[in-house]
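Look for chain A in each of the two complexes below; its partner is chain B in the first and chain C in the second.
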Partner chain A sequence: MVDKMLMMILIPLITAFLTTIILKQHKVVWTLFLAVSGYLSYTLFTMYGAWDLTWSIELGYKIFDSNLVLSLANNPLGWFFAFFASVTTMLIAMFSIAFNDDKHDSKTAPIWLILIFANIGIFFAQDWLMFFGMWEMMSMSSYFMIAHGKEIPAKAAKFYLSLSLVGTSTLLLGIISVARLSQTFDINASIDSLINLFATDYNKAILYIGLFAVTFFIKSAVFPFYMWPSKAYAESPDDFTPFLSTVMSKYGIYGIVLFILPILQNADIPALGQINEPAYILAVLGAITSVLGTILAIFETDMKKLFAYSSVANIGYIVMGLSTLSIIGIQGALFHSINHMVIKSAIFLSLAAVIYRTGEREMHKLGGLAYRMPLTFMVYLLGIISAAGIPPLNGFASKWLIIQALMSQNMLFVVIAMIFASTGAFMYLFRVLASVFLGQLPDKYKHIKEAPLLMAIPMTIIMLLMLAIGVLPGIIMKPVNAVLIGMGYDVQEASWTTVHSAFSNSDLNVTNIFYIFMAGAAIALVFYLFSAKSVKVTQDDNYTAGELPSDWGTTPERFNFSYGFYQPFKEMFNPMMDLISFDRWMAAFGKIVERISNGLSVLYTKSEGAILMLYIGVAILIIGGWII
Partner chain B sequence: MNSSLFLIIIPLMGAFIALFAKKANRLMAIVITLFMEIFSIIIYLSGKLPVSVEIGGWQPPYGINFVLTPLSVGFIILINLAAIISLFIIRGEKSYQFYSTYLVLLAASNGIVLTGDIFNFYIFSELTAFGITALIAYPKDRKSTGAAIKYLILASTAAAFLLIGIGIVYKTLGTLNIADIASKISLLDPLTLELIIILMLTGIFVELELFPFNMWVPKAYLGGTASVNVMLHGMLGTAGAYTITRILLTMFTVDGSGLLVNVNIANSVIVIALLTILVSEIAAFNEKKIKKVLAFSSMGQMGLIIFGFMIGNEQAIVGAFYLVVANFVAKTILFVLTGEFIAMSGSGNWEDMKGIGRKHPVAGLAFVIGSLSLMGVPFFAGFWGKLGLIQGAINGSAFMVVGIVIVLITAIIEGIYFLKIAHTLFLEKDSDREYLSKARVHSIVIAAILALAIIAIGVKPGLIESNINSATDEILNSTSNYIDIVFPRR
Partner chain C sequence: MMTVFNIILYSLFAILVGLIFLGIGRKVAARVHLRYGPPFYQSIIDVIKLMSRESITHNFVMDLGMVMALTGLIGTMLYIPIAGHIAFESNTNIIVIMYLMAIGHLGMAMAVSASGNPYANIGVSRALTMMLGYEVPFFTVMLGLIIYNQSSSVMVINLAQAGSIWNWNIWQMPIGFIAAEMALQAMMGEKPFDAMIAPAEIASGPMVELSGRYLGLGFLTKAVGVFVETALIVNFFFGGGTSVITFVIKQLEVFLIAVIFDNIFPRYKIEQAVKFLWIFPMGLAVIQLILLAI
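Let's turn to the complex of A and B:
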């Protein structure tokens, strides 16, 4: 039998080369892409439970007097992320076939396939070398993916690339430092040796963990690296944005769960409250991330940027959940990771469908599309209901778990941040609904059609998934608990319907909630059927909320209240945002480097100083060699 | 093994014959270089290495000898490979001066690597300097003439330093043989030794492109044609890297252990190497002319290689050798392709090279692979060098760790500008620009083959591991591997 593990990384790679050759046949290319992601999903599905599956190769390069080995191994945690990532990818791939037509073809399938190859490698890597290699592959290929051969996206991607490179550099330093401790690149061994280091040299251990954490934070856009998604997501190909948001933002989370969490859990670190200091830092960073992400999302007028910040906020929730170091918190975080995958793919795919039809990203230029694209509207609507964490859909249970876990660890300020962010989410979620799908339909979009069938199918599947996970959380919770058992936690097998919580009597049967909700809907239906007939109101009946359209220099027919929607809110928070803009610091730093660069270039162009410089060099040698 | 003399004699004779060969001179140059490459590979595989060849039967230290070790012959193979490639990418050059000078350069750079005599080394390095000056100046325009003069002035100054250094060695030790000097180095009093080292280092640092000795570099690359760039980088640069291993790591070491006798000077060299890395990468960051970018990057890689060699433990030296190979291959790809791209777009600015990658995907891909290898991305050859370097440095002193942090920071800058350029190749072409010519197929084929080599080494570093290990072993135990070969009776 051919090695499953090897095939899983080889097939995307081979297909990548194949698709490069036939890049012009976009239909074939994207169908191949779908086939590969389907194959991966199927293989991963069959691999559940086969935790002894491994693959390794000797490199013939010696470090620490032993031959380096690259190895992949099936494990619950990696499987968990890889499987759901590849299912999401499959759905996006189906969408991509329709999206990449003659006009929209981004010609990025080969790079995306390399990204999927790296994806599998990251999640199943058994040693740091493999992990790092795949991590770099992922960073580099995603740069090309985001830039996708266009000028403006290339600028956005440059920002992403510089952060990525900072990340890979620190990761490499961290890996080598830790590997030097454990004398091997094996991930589990490195966790053990770092736990031991905590007992002897606390500061050094924190430094090493910090090196890893910076990388993971950058990739998942945790504060202070929360700026890049708004640029990168907005400019990347529209069908790739869901992948960025759903799959790629989880790499950092995966890294934290894989490496940092077991150390914080098991190492001998002085307690702070009910957790410990590093975990508290993690919690605070998560809280800041979610609050900032929410506020910035509220400000945005570009819908892809808006949801980029929304993704940032969601990563904040997940990090907060992980920081509790409790079973419920980690369950909630892992559950929310998958929910975020589903929800964000629903939202970004529906937005991609809108952009596919209209070519417009600025929300205030759109409107009223609910009439023209009802299915897309439905998907988006369910997506935001779920994202807001309203019961019958999937977003609720995971947020519930995270808040419970935070409360049970007495992390009150963090809970406040979480609730602030959750509530703030309503503001921006609704905003897109109001500006894009409701309101006035501009004339030029009068003849917009519903998204094509191949886009509709994955969107419908995702819609059903949201409902299914919402009603039967066991779909996700069973693998989550398998992961926790694999990590050495003492948990029961999860039930299909009930979510166990941190406090006594707080177990929640989500299926019952669904029944209650259905009953409510039935009652509403009764009212709808037997009460008075609905009346169609005119636009300025209630829509303008007391403002006269003439005040805004427009007519009642054309009046659209979606630009500067949250102006007062923005004025309230803007000064703070300006202060902590990481973006601006980086730009300033880039400018300085550019100036020095120009100066040095001039130095090399001028002829006069050449010999003088040579003597300066001699002086360095003399001073260094003789005098010091 | 007396036939190893052919490696120098044949190109020298060729240089003379080229004057009369009329139109056949390019063919002749190719045939000679191919012969040299095959011949050196045969020597490498013959199993008779290491061996010392006494020229004219005069025994060292009185006569001149050639030392053929796995290390030196390995470098000869690389140098001749670069020579072949540079010949293949010449554009319509027919004049005898060019080929004649080229053959002298080839003989001289082989001589630098083969010789076991320090004065002989001086002569050969002077010869390469004059050869490359003529080649840089060859386009006969203002830019290249200026660059050539600048190089000539610096190289001559450096040569003066080198000569004084050699003079003092001869005065104090009474010998010019490298192995002899290496075995007698402990007899010198420290101050004289330091003076000698400083003088000789100044002499070789100019050709090693180290800051602040390297004011000639960007202009020389900019002034020369693509094939001269490959010569500069592949022949001179590689010979330069060999020079470090011989002079720094064999001649002036503690009991032939690969550690420089004087720690202070070793640290100063590391400072200079780090300065070079820092300055070159930052200078390249905002540079618009692609050749200058590559020139700066060459400097940076050289700094990195020297940093690796100076760390001095086995891991770092292995890493440095991987870097030599990776840098050689990757930079050759980039120079070959850059020559094509400049001819195509008619401009030296990388911003004008939009769309070339779309038109020639293989070339574009090879460019990306070369850049990734230089950046040290895993699964590309350069990574194993970087890994070994970091591994070695982190086992060293705190000073080395600072160095490695600098290296990693500059790797970020390097990554940004390289991928920025690589991506520009895949941008949509401006509609008002037309390509002046087509890219030549054989250049792209050369680049593609080298790119495959990068990936092969990157995925399976074991391919060249035994070669690199024997080279490393030679440096770390140079007493038994070098001195005893030259003087077997001692």
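Let's turn to the complex of A and C:
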């Protein structure tokens, strides 16, 4: 039998090279892409439970007296992320076939396949060498994906790349220091040795964890690295943005769950409240991330940037959930990771369909598309209902778990931040709904058609998924609990319908909420049906205080209230946001660096500088010689 | 079968009580203005009239949204214990109630936004901003209750206050009660927090395009909303009630306080309102929370 694990990473790689040859045939290329992601999803599905599946290769070198080995192994945590990531990829791939037509083809399938190869590698890596290699591969290939050979995207991608480079270098530093400590590159061994280090040298251990944390925070855009998504997501190909937001933002989360969480949980760290100090820092960073992400999303007028910030806010929730160090919180965080994948793929795919049809990304230039693209509208509507965490769709149960966990750990001010963020979410989610799908339909979009069939199919599947997970949270909670058992937590098998929390009288039957919602709908529908009929009027037949809109020469585009939708709110927050804009600090820092380096470069390029250097060199020699 | 019967009974009861409250509110407002005022059942007549008149719609989203609004509020109401009775076996979780209520707001906002009238959109943008304003202090107060009782179930909080009148949470956490009352004023959209409706300024905002059955559904949503919001306060601070009648009387008191304040205050601008909500009620709620945590 061929090694399943090896096949799984080789097939994307081989297909990547194959597709490079036939890059012009975009239909074939993207169908191959779909086939590969379908194959991965199927293989991963069959791999559930087969936790002894491994693959490894000895490199024949020795460092720290141990053989260097590259190894992959099936494990519950990696499987959990890899499986749901590849299912999401499959749905996006189906969308991509229709999206990448003659006009829109971004010719990125080969790089994307390499990215998927790195994806599998990261989730199943057992040693730091493999992990680092795949991490680097992922950073590089995603840079090329975002840039996709265009000028403006390349600028955004450069920003992403420079942050990624910082991330990979701290990761390398962290790996080397931890490997020196444990004398091996094995991930589990390094966790144990760091736990031991906490007992002897607390500060050093925190420093080592910090090195890893910076990398993971950068990849998942946790504060203070929250600003790259708005640039990178907005400029990347429209069908790749869902992948960035759903799968790639989870690498950091995976890293935290894999490496940092077990250490914080098991190491001998002085308690602070019901958790400990590093966990509190994690919680506060998560809270800041979600609040900042929310506020910035409310300000945004570009819909892809808006949802980039929304992704940042959601990562904040997940980090807060993890920081509780309680079973409920980790359940909620893992559950929310998957929910975020489903929700954001629904939202970004429906927006991609809008962009595919209209070619417009600025919200205030659109409007009334619900009447031309009803299916896309429904997908988006259900997407925002779940993103806002409203039952009976899927976002609710995971948010509920996180909030309950935060409350039962007495992390009061973190809960308030969470509530602020999730109430603020209504504001930005609704803004896109109102500006893009509702309101007046501009004349130039009068003849827009619904998204093509191949886009409609994945969107419908995602819609059904949101409803299914919302009604039966067990679909995700069962694997989540398998992960927790794999990580050594004491949990029962999850039920299909009910989620629990640590409080008294808090077994929440999520399926019942669906029934109650349906009962409410039935009663509301009775009132609706038993009232007098209504007449349909045209869109500009509006109450305008006795005057006709045409009297002022206004057109449907101008008769929309959507540009400064939250202007008063923006004015309230602007002074504060200016103060804490990390972007600006970076710019100022960049300027200082530029000045210094300009000054230094004079030393090499100008002749006076060279003479000065010579003098300095001579002076150093003399002084050095004198001292010695 | 019993559950289905209960659900219908509870919903109709909430709608009826809510409509009568609105009618009494109009009567009291009239008396504050030294007018005679309409009879207390006027709102019921209004709804029947509106439902039987022809109305205009712009598209299917408007119909969907209005039904969704009423759906959300009725769903919320079914999770709230009324004098210890619940419509069906549930744990009456506060977070569920808060989030289910949101679907009502979302449906309403969607429906009026679909009408394509800029006034409606301005109203919605203000309403959502206001929501961020009141939801945070209101939740902070509830957080205090949750931590105090170590449970997020309304029923548990309610039962913990049983016995004497001195067990009511209004005596345990008076500062939190004041904060919750201020947030409630904004939640019900009464003055000084009615910038989203502002009849003289943006022509009643969200309601501008609604007519006939849509306005009727809006009325019903408002009625159930009033019932839900006052019931929450009664359950949290006034110990629920021994019978349905005392429960409804307590609700009416809470509602009338809001109506009287509504009639003697002018209107805040939206940013003033949000700032006020984040400074005073939020400050009081945080003080209460700290007092409880110590």
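As a convention for this text, the second predicted complex is superposed on the first by the 562 of 628 C-alpha atoms of A that agree within 3 Å, B and C clash if a C-alpha of one lies under 4 Å from a C-alpha of the other, contacts with A are read in each partner's own complex, and residues count from 1 in each chain.
Please note the rule applied: contacts are C-beta pairs under 8 Å (C-beta built on N, C-alpha and C of every residue); 3 or more make two chains touch, one makes a residue touch a chain.
Just so we're clear, the structure is a prediction, and the values are computed from it rather than from any experiment.
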Worksheet item: Can A:Ala468 be said to touch chain B (first), chain C (second), both, or neither?
Response: neither
Item to complete: Return first, second, both or neither, reflecting whether A:Ile513 touches chain B, chain C, both chains, or no partner chain.
Response: second
Discussion item. By the touch definition at the top of the document, which applies to A:Ala524: first (chain B), second (chain C), both, or neither?
Written reply: second
Item to complete: Based on the superposed arrangement, let me know which partner A:Met140 touches: chain B (first), chain C (second), both, or neither?
Response: first
Worksheet item: Who does A:Met7 touch here: chain B (first), chain C (second), both, or neither?
Response: neither
Item to complete: Could you figure out whether chain B or chain C reaches more residues of chain A?
Response: C
Worksheet item: What is the shared patch of chain A, the residues that chain B and chain C both contact?
Response: none
Practice prompt. Over in the complex, which chain B residues touch chain A? Could you list them?
Written response: 146, 150, 153-154, 157-158, 161, 194, 197-198, 201-202, 205-206, 210-213, 215-219, 262, 264-265, 267-269, 271-272, 279, 282-287, 292, 315, 318, 358, 361, 365, 372, 377-379, 383-384, 386-388, 390-391, 394-395, 404-405, 408-409, 411-413, 415-416, 419-420, 423-424, 426-428, 460-463, 465
Response to the item:
Touching chain B in the complex, chain A uses residues 20, 23, 58-63, 129, 132-133, 136-137, 140, 143-144, 147, 149-151, 154, 157-158, 161-162, 165-166, 169-170, 172-173, 176-177, 180, 593-594, 596-598, 600-601, 603-605, 607, 609-611, 613-614, 616-618, 620-626, 628
Discussion item. With touch defined as at the start, can you tell me which chain A residues reach chain C in the complex?
Written reply: 368, 370-371, 374, 377, 381, 385, 388-391, 396, 399-400, 403-404, 407, 410, 412, 415-416, 419-420, 423-424, 426-427, 430-431, 433-434, 438-440, 501, 503-509, 512-513, 516-517, 519-521, 523-525, 527-528, 530-545, 559-562, 565-566, 568-569, 571-572
Response to the item:
Within the complex, chain A is touched by chain C residues 4, 7-8, 11, 50-61, 63, 66-75, 78-79, 88, 90-91, 93, 95-96, 99-100, 102-103, 105-106, 109-110, 113-119, 121-122, 124-126, 128-129, 131-132, 135-136, 139-140, 143, 146-147, 150-153, 155-156, 203, 208-209, 212-214, 216-217, 220, 269-271, 274-275, 289, 293
